[in-house]
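What follows is a pair of complexes built around chain A, which joins chain B in one and chain C in the other.
Take a look at the complex of A and B:
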């Protein structure tokens, strides 16, 4: 191993420690969103400096170039010695980030629901075949075969141990198809986009969705995410639209729950999928009668098939915040219902803990 | 055993034949121009390897530490994003090793080789490098294996944490320590001489009784007591000691392995110190020679454009910044021109007529000779102090800047020669490192360490100072104090091991009257 790999490893461990320490900051600032690649998250860090005695902010500096006295010496002027302010981007894998989050928030690992693991066919190179491409030839086996043949035919002499394989001796690696259990989960994000959900509220939802994604992807081999927005009516959208849309008008929460059930029934048979609906709202619903419809829908249709139904209420200055109270009243003793109130960005971390802390 | 990749010890014959031919001819050219260098071994590296070498400061077998990983990551990123790339890397050893990046154009490789011979000539002949260990490759490897052994015994976490602490004071060394022996330790004889000036107390006695009441043995004992008192009263250290690291090493109470690590970090800091003191000269000298050789001798017609492109990148002038390559090479050329025309000495200095000065040419043709002399004796500070002229500063457009609070931005303050020169020297003298001395190793007679910052107009950054003091306290084992100034007021920052406090103080011996 090259020395640099070891030193790089040491540095990355320090970085992970730093991420752990700053997790709350990352969670509330939403800084990591948009930095997620396929398998890694790139984390902006200040270059870790070793403290030394050094000069503070410069009061005077030096430069070279054109310009009148008293004029701006040109862009980027910050004279000399300012060091240690570099931003460094460090990549850590989504897995590592999820593990850090799990340890910090003390999230229990999710037990996928019993029977529903779908099987997927996986090709594994475990077998041996008499035919195959030359690139997969198994030399050891081939020569063993040849040796056996020569010994039994009496053409092998220990004094002159030459082994020459013929075509029939050749052996090749081959794959066998194995059924592997694979756990799948679907997340249905639902969000109230009526006028009372402002930009700040959406940012909070976006942040939460990022961490929920990270955690569930860590726990399941295969995760689908679907997005539903609603005001008085609900429609399914893509991720991008989900976080951008702002409508005005009233709110009928039941419309979202109905659409969610349609999606689930159509694409996600309950035997194969672990189901996670998340609903974000400011807690305003149009009427008590619609709220009653919601409770009935939840109780009779949704709760029986989901792993967990989660509702996060993002405080806004307009919302009455009634809906979470209604949910509490109706489902206080239901384990599969997770409720959380998010007052502001700083509460995101605690909210995530409430939503994901049940190991469901 | 340190892991030294075999290729780093291979000799130059490994260069592809085309490059080897170029190397031989450039070497002959450089010798023809009078450059005098150690044998220089060139190696080809991929960008990953050169970044790795650069993050280790040129020594791939150094002791393990996370900061090399961080540097490496930063260089990799900045190369991958196309922000910067290292053309060359050369280390000050005998034989000297220089690394070429394998994906560079042929013309770049030639430029780099010419440049490298300039650097190696400088390493070999500049006085400030005279004391550096030319077998540093071996010593670094030796340091590496010592640290690895300590890690095996003490654990990586403890060792790395202590290296962090040592690095935190690795700028508190005396960069001139190898050149000047300054610490004068008073001996018994000094105190005797001092005591001889004092009256030796006697018992009162009448003249005829004196030799009985004050017998010679008694007087000798009294005299000895005086000498002992003087020795006790002497401050410790006697003169302010700039080598804080050395002082802790010598007088601190660190356990064995920590002492070993501290001395390793100090040795390496001292090895690299001359490179910081001669950045402008060294880069200027190498640039001077690569331009001379490339444009006069080496370039083929088809290479001119690429050469110009890359050379102009090296000496590019970003708005409002100083480029050591540019400054060094321009000042060297100015010196050559002045000494060729005889623009020096008393007559030249006495001449105040700008027109006459501009026309001045005695046909002295001493330029080259002067240049070699300058590269032998000067460091950046003496170089600028001696050779800056008002004409040069005006031509180069130097200015000082200040922060305009009303406009909330930096503005050009002055183009006056005196101020520009003072500004340049000030920047160099500090190099971003405040001068700090040990003034008392037994402060309050409680074994506490008192340091003093020789304040030269710039305040220390206090939050960093607090963290550094905590590290110093961890090393010294007793409270540590630092005298400095904050906004013109004398203050004392103290750390007792748990918290850092700040108080006003009367002015001390190192303070300039302000």
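Take a look at the complex of A and C:
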């Protein structure tokens, strides 16, 4: 192993250790949201020692090499007045981040269901063809073919081993289509955007959604995310609108569950998809009769088809609402129901552990 | 001096009658219980913890009325209600559901206590809550009899009156 590889490995270990150490902070501050690319996450590290040269004691002797006369100094910019902040931006993959989170929160790997029937067509370059684009020419096979031809024709001389392929010798890589089992998951994020949900509550939801997304994408090859907002009525929106919308209306939670079921029934056959509805609210449902409707919807329609239904109740400045208590009362013994109360940003890490810690 | 309109006079008479009836019901009550007063527009119900000649300790007050325009109700009530400590603000206004919820403004909350006023088309519920370790618990509060009369009157009075 080259020294540079060893050093890089060591540096990566240090970075991971630092991320692990500061994970609670990253989770509560939401610092990583917006830094996520398709494959990597950019992480600002505050306290990491940059390797630098250290000089030993001065010894006797001196040396001088040949040098050239330097040019005149140019006009530089003025120095800044404020003290500089030493931030180091490192990029780690989403997979690595998910692994760090899993280790730190002791999350079990998810056991997908329904993966056998869900198949996807994959193109693999396994075959050899006599025709194809030059970019896919298989030189080794072409050479072998030419050699065989020359030997059988008696034109090959071991004393002067020259092999010249002709057009008929050319061989090309060709793909075959293979059906592979695929693990697919759909996450339906539902959020209460009624007047009682404030900006702070939404930021907490945003942070949680980031970590949920990271974890489920780590566990499944293919993840779809759908977003539903609701106050008295529910509607499907894009990710951006999901986190930005605020309404002043009352809260009818059943409207979200009904829309969620419509989406699932229409687009995600239960045999092919692992289904994860996540609902975030402050727990102030409009009426007990609507709460009863919610319980019936969950029991009769949603729970039979999902891997896990998760509900996170975010405290507002008026405390925590009633809905989580109603859920506990009705589904305390249901393994596929994960409930969590989030008092503030510092509670995000524990809440993620409660929601994702079942390996469902 | 401009003579009072018959409607206003009727309203004042009705308010006085409700106040008198409340006092009578409170006087007749021994220990904790619920008192009810019927008047045109609806029934007023008070969950009483204890009472004496001066004041009353209540767990909740329900004032019956007819309210249709919930946006207007949510707009008017915070300025109208003076019988509760701290100013109210609308938290949820849902004409489609026929209701609105108002709570004490966060800056007016003391020791994590707040009032919640739930307005529905047929009446308004007033309760006080205490937040304890994030949990919301119903908490009784004390009013003078005059404050109770004012509270009921402020909530009962039609919104069009503003």
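Everything below uses one rule, namely that the second predicted complex is superposed on the first by the 307 of 360 C-alpha atoms of A that agree within 3 Å, B and C clash if a C-alpha of one lies under 4 Å from a C-alpha of the other, contacts with A are read in each partner's own complex, and residues count from 1 in each chain.
By our rule, a residue touches a chain if its C-beta (ideal position, glycine included) is under 8 Å from a C-beta of that chain, and two chains touch if they have at least 3 such contacts.
Quick caveat: nothing in here was measured; it's all calculated off a predicted structure.
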If we overlay the two complexes on their shared chain A, which of chain B and chain C does A:232 touch? Say first, second, both or neither. second
Identify which of chain B and chain C touches the larger number of residues of chain A. B
Based on the superposed arrangement, let me know which partner A:52 touches: chain B (first), chain C (second), both, or neither? first
Have a look at where A:69 lands relative to chain B and chain C in the superposition and call it first, second, both or neither. first
Partner chain(s) touched by A:125 [first = chain B, second = chain C, both, neither]: neither
Once chain A of both complexes is superposed, is A:321 in touch with chain B (first), chain C (second), both, or neither? second
Once chain A of both complexes is superposed, is A:7 in touch with chain B (first), chain C (second), both, or neither? first
By the touch definition at the top of the document, which applies to A:343: first (chain B), second (chain C), both, or neither? second
Of the partners chain B and chain C, which touch A:89 in the superposed model: first, second, both, neither? first
Of all residues in chain C, which touch chain A in the complex? 90-94, 96-97, 99-101, 103, 106, 109, 112, 114, 116, 129, 131, 134-136
Report the residues of chain A in contact with chain B in the complex, numbered from low to high. 2-4, 6-14, 47-48, 50-81, 83, 86, 88-90
Going by the contact rule at the top, pick out the chain B residues touching chain A in the complex. 3, 5, 52, 55-56, 60-62, 64-70, 72-74, 77, 156, 160, 164, 167-172, 317-323, 326-327, 396-404, 409-415, 420, 423-424, 426-427, 430-434, 436, 453, 458-462, 464-465, 467-468, 471, 482
For the complex, give me every residue of chain A touching chain C. 194-196, 231-233, 248-252, 284, 286, 315, 317-321, 341, 343
